[in-house]
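Remarks on the structure that follows.
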Amino acid sequence: MNWTNALPVVAVFSSLLPGLLIFALREQQQGLRTGLNLLGVTVKLIVVGVMLWGVSQGLDFRVEAPFLPGGALILHGDALSLQFVSLSAVLWMATTIYAIGYLRGTPLQSRFFGYFSICVSATVGVALAGNLITFLLFYELLTLATYPLVVHRGTREALDAGRSYLAYTVAGGTLLLMGIAVLHALSGSPQFVPGGYLASVPARHGPALTVAFALLITGLGVKAALIPLHGWLPKAMVAPTPVSALLHAVAVVKAGAFGIVRVIYDVYGAETLEQLDLTAPLIAVAAFTVIFASLRALQQRHLKRRLAYSTVSQLSYIVLGAALLGPIAAVGGLVHLIHQGIMKITLFFCAGAFEKTLGVHRISEMDGIGRRMPLTMSAFTVGALGMTGIPPTAGFISKWFLAAGGLEVGQPWVVWLFVVSGLLNAAYFLPLVYRGWFSIPTAEWPEDHQPESGWETRRMLLLPTLFTALLTLLMGLLAGSALGPLGWSQLIVAREFPL
Amino acid sequence: MVDLAIGLILVALAIGALLSSTLFGSLTLFFAFGMLMAVAWARLHAPDLALAEAAIGAGLTGALLFNALNKSPPEVIKERLRHPLSVALVCAAILALLVVSLLPSLDQVSPLPPMVGPRMDASGVDYPVTAVLLNFRGWDTLLEIAVLLLALLGVKVLLPTHTPAPQPWSLLLGWSKTLAPVIVVVGGYLLWRGSRGAGGAFQAGALLAAGAVMLRLNHVLPEIRWSQLLLRISVLIGLATFLTVAIATASFGDGWLTYPSAYSKALILAIETTATISIAATLTLLVEGEGDELQS
Amino acid sequence: MNYALASLAIPFTVALLTLLLQRRSEANPIVPAITVLATAVSLVFAGLALETQAVSGAVSHLNVGGWDSPLAIRLRLTPLKALLLGFVALIHLLTGLYAWRAKPKIARDYWPLSALLHTSLAALILSADIFNLYVTLELLSLSAVALVCLSGPKAYTPALYYLLLSLGASLCYLMGVAVIYGQYGVLDMTVLAGIMEADHSTRFALLLMTAGLMLKGALWPLHLWLPEAHTYAPTPVSALLSGLVVKGPLFILWQLWNNLAPEALAREMGPLFAAGGVVALVSGGWSAFRAPFIKTLVAYSTVAQLGYALMGLGLLLFLQERIYAVALWLFVLAHGLAKVSMFLAAGEMQTLLGSKRVTAMRGATQTIPITMSAFAIAGISLIGMPPTGGFLAKWSLLEPLFTQANHWPWASGVLLGTFVSAAYVFRAIALGFYQAPMSREPRHFDRVSQWLALLPALLVGLMAFAGQDLIAWMAGVTQT
Amino acid sequence: MSPELLYLVVGATIWAVGLGGLLLVHHMLRRVIAVNLMGSGVFLVLVALAARSSPPDPVLQALVVTGLVVAISATAFAVRLASARAQHSSGTPEVERPGGDES
């Protein structure tokens, strides 16, 4: 095994091993726990950096081990996987630091960080999975590792949320398994191929392919929170905020969206899908989700729940971008995978900081919060503007490409969809910004924890927030640079659509 | 004609044993059923089996059941049969299918009985049933002694049940003292006869057990305890001998339970004798052994 | 063959020896040690038997007593039988170690009884004679019932039901044997396999035997005795009962229909078995979901999981494709390991949490994390999520179903099964994540017992990583 | 009608009666009797089958002897178990539910 083979394995194990070790730690061994976490973070970032460089140089990172007949265990670092891996690695770092700050003084931290690390490992595994079987393995591991995080608080409410999370995701996983088994029976589970490997399946298997597509997309759609499969997501908001951040920006929902992208491009391929005419329902569902979830978001009075519905809406951007089957839309979808992650995690970090510092949960309590916590509120503003799609933030770039992609494939209504969606985004985010900066605080804050350091909130809550807010800005400003997410997405699309 | 009568009475007794209004009646009818069954077997040219059935099926089972009746609380609730008609219909349907399935077999012949005859010389015994039991199908017999042992272990696991010991009946007491040596002699005779005619380890063991049970009922036999080495040896020796022979023949001989022809007679005699002791001891304990005797 | 016989004879000898050693009423401390050691040696011999058998791929026969067929009782050793011998020894070893550590001390009669149970399973596996199988079945039932009785008067009622039903079942089986002997005049399975015809008598005889075996194997709809008996038995005994005892009759059933029955009859029976399997999955799963006690939950889950095995058997007979045999035996192995883990974990929970109720598991992830992990990992294997053994078995059942469109409806049975298993497993696991009452005193755990419960779960939890080789190997093993 | 045929049918009938009894009756001792009836029925069938050849089939007769010993063993255990149950399980006829929490 040479080093190019070893890297994908190291990428997965750099968080898995610390996770398993952390389980064995006692609650008081905080230093060791933090050390292990940071060691894993560092190793993972280095490995991801090297792999990014390697893939841009045309290197192939691939390792294979026997697993099932006709379906080996493959970890493969291609351009698309690295897009997702880099997102996970960077945001894992930010979230870990944030979580250390957030959970200070609460019990069961070893259990939390253990599962947290496993969760990230599963995400990286999902990203690096080289075929459907491997994907399934990590996808289910992700389901299992996330559950303890969702119910971390151990209250009845948390357990209820956990139950609905499991009900949705286990059912989704089972459908996914069925879909994969159908495809496996047809053609085995070979490695993902740009352009899809099912092109060679004889046409008489069309019905089987259609059923399998429906099973796969339904199964993945649960995690990607396509309406009406989204029910678990708003409930899961009872989890500690770092978990919500992880669920929404990096791990669970992204695994679903990423899976849909994989299935569309690397399993079926645009050509097969066009022949079978399978994407139309998916496009319809995604478009409906974009609008309907925004409307639901408008109705929410809890900050985190509003953010949750916003996630539901934004995820369908990615799905839509992939399902439109045109290169420009694909770039938009892929780049939004990154952008949405970074913007949404910023917003969640802010929400968590409000909650920990001032006990603010409801939107109505946010009046004038910018005077008390100006830095956090600034970050929130950047995130909110990004979500709305106002230049020069990252969100603008995504929407631009998505709308242009719609025009390219001859579906001009997509432009209108994004206009309406943008207006709705503005309608549910801008009032928050206005309240935060310009309203006058009506009453006392529900709680007030002034950290001794004299900062507006705990340092470990503030720094990751500012970091991701900065990234949001940079990604918009430097969109033209080749090494940014946009450049990388174009690289992926160039490989997927060899024109 | 006689057979028809026996058959009808057997079925009637069977139904009666299940439905009799008192438990005592049930047990009595079942005992009678066992005795008549022995007669039926005798009429089917199986006199040695009839003997075994009389001793085991009727005698020991009857003793067990009557003993349990003494210990169990009086029956308070009357049997209420649930869905008797549907169960009866289902059973009748099964019976019809069974009879239809069994009928053709009377015209079939088995290839096994003709195989027994020519191999009798090599078997080490003269009586075919004993040859099958201890040689041709010795493995069955070994496992079956293990079943007997297991039943004893099962009883041993149970907590002791306390019952006032019934007063011995003085006439029986006198008789049993006289009978005991006779029973031992007859048992030994049956064992010896087993190799050449109807008889064998089980009949002998069962008879010895029946004798021992009778003696114990009259408190003639001394107190026994599981902690006594002699008792444990008597219970285990049959199986131990059998298993030793099996292991030895597999390790040093021609295979599992393949007796070397020169020794087969001696080996079978050893197995049979020890098996008789174990069967007698185990059956006695099964029927009469009290919990505390087995525990300590 | 001699290796296999050694694997049988060792526990047998030890059982007699330990009985002979029972001098006083107090337990003899070396008895557990001897028994566990002997089990380990027996495992080694089973492994040797498996190695010789799997390497040669051959079937060996032994005519007991050296007499010629069909007069003699024949023992038959196939790779699958060797594998099962090893499996039996392995499970006995794991539970034996646990019982050795158990506090309060397990009754001394456990040791000879469990050794005899081991013996009877080995004899059952090796035998190829339908009457000899009857004797081994009785041996199996009596040892199992005696073991259940070890937990005292509360177990007497379920034990008695178990015994009486089991005896009735044996006599159904024996009547089937009588019909077959009446028809064909032989008892040897290898001889019978060549001469059985698809006539009425044969079909009815097979049905009688099947009914008896299904009752003994707790296969739906004849499973009603199982949950009570498994619930009341002492913990290591429950593990043995669920992991092994119900598999004995299943193995005979498999031989009966796979090797003995004419293909026409087998094809007829297949859909019935498979449908029964689906119903077992759903109804057993539902009862497990509703179960108030931890052990009852685990026991009903056995009923449900046996549904998968029954489905595998049914599909094998119906579709006549070897891969379903692989699925069937993978289920048996995976379920055996998972169940041992679950019962040992359940036992630990009862002692540590001081209650039998499922609701007592509240907060178990914090108070008894290792035990809870054992339970959870084993449970995940029962659901069949990757990379567990349960997943591997489910996959081998599911994937071939999709190769032909008209078999797709059977896949919905697997789908249902997964949902129901997930429901009852996660119901228990979820309780573990409730915030634990902090006031409790820290308890003194026996770490070794906890890890003993976890070990089989880890084995089955990572089983699928060897999936490709395992399936290929099992395909070879189940050939004969 | 030959005696073999007659006893074959009688054996089957007794077996079926025992089966029905096992399903119907409740008292444990009666159930033991029912099981024993099933056994006797099968043995009678076997003995009748043995008598179809002359001399009688020794293999079948040996099977009956083995079966008898197995039957008496199981019966003895069942009867003793029933007595122990009657004395120790406070005589409740129904299956008692496991008691509440032990703690």
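In order of appearance the chains are A, B, C and D, and numbering begins at 1 in each one.
Operating definition for what follows: contacts are C-beta pairs under 8 Å (C-beta built on N, C-alpha and C of every residue); 3 or more make two chains touch, one makes a residue touch a chain.
As the structure is a computational prediction, the values presented were derived from the model and not from experiment.
> Would you mind checking the shortest number of contact hops between subunit C and subunit D?
1
> Which chain pair shows the largest tally of C-beta contacts?
Result of the pairwise contact count: B-D comes out on top.
> Of all the chains, which has the CA centre nearest the overall CA centre?
Closest chain centre to the overall C-alpha centroid: C.
> Indicate the whole-number Å distance between the mean C-alpha point of subunit B and the mean C-alpha point of subunit C.
Whole-Å distance between the two chain centres: 31.
> Indicate the whole-number Å distance between the mean C-alpha point of subunit A and the mean C-alpha point of subunit B.
The answer is 74 Å.
> Could you tell me the distance, in whole angstrom, between the mean C-alpha positions of subunit B and subunit D?
Roughly 13 Å separates the two chain centres.
> Could you grab the centroid distance between subunit A and subunit D? Build each centroid from C-alpha atoms only and quote it in angstrom.
A distance of 66 Å separates the two centres.
> Listing for subunit B: what residues touch at least two other chains?
Each of 98, 102, 105-106, 109-110, 112, 116, 136-137, 140, 144, 147, 150-151, 154, 158-159 in subunit B touches at least two other chains.
> Please list all residues of subunit C that touch 2 or more other chains.
Counting only residues that touch two or more other chains, subunit C contributes 71, 131, 135, 138, 142, 145-146, 149, 152-153, 156, 175, 178, 181-182.
> Using the contact rule from the top, write out all pairs of chains that touch.
According to the stated criterion, the contacting chain pairs are A-C, B-C, B-D, C-D.
> In the complex, go through subunit C and note every residue touching subunit D.
71, 131, 134-135, 138, 141-142, 145-146, 149, 152-154, 156-161, 163-164, 167-168, 171-172, 174-175, 178, 181-182, 228, 231-232, 293, 353-357, 360
> List the residues on subunit C that touch subunit B in their complex, please.
2, 5, 9, 12-13, 16, 19-20, 22-25, 62-68, 70-73, 75, 107, 109, 112-113, 116, 119-120, 123, 131-132, 135-136, 138-139, 142-143, 145-146, 149-150, 152-153, 156, 175, 178-179, 181-186, 200-201, 204-205, 208
> Help me check something: in the complex, which residues belonging to subunit D touch subunit B?
So the residues of subunit D touching subunit B come out as 1-10, 12-21, 23-27, 29-30, 32-34, 36-37, 40, 43-45, 47-59, 61-66, 68-77, 79-84, 86-88, 91, 93.
> Which residues of subunit C touch subunit A once you look at their complex with the stated criterion?
Within the complex, subunit C touches subunit A at residues 363, 365-366, 369, 380, 383, 385-387, 392, 395, 398-403, 405, 411, 415, 418-419, 422, 426, 430, 433-436, 464-465, 467-469, 471-472.
> Within the complex, which stretch of subunit B touches subunit D?
Residues of subunit B touching subunit D: 3-4, 7, 10-11, 14-15, 17-19, 23, 26-27, 30, 33-34, 37, 40-41, 43-46, 48-49, 52-53, 56-57, 60-61, 64-65, 67-69, 71-73, 75, 77, 79-82, 84, 87-88, 90-92, 94-95, 98-99, 102-103, 105-106, 109-110, 112-113, 116, 128-129, 131-133, 136-137, 140-141, 144-145, 147-148, 150-151, 154-155, 158-159, 161-162, 200, 202, 279, 283, 286-287, 291.
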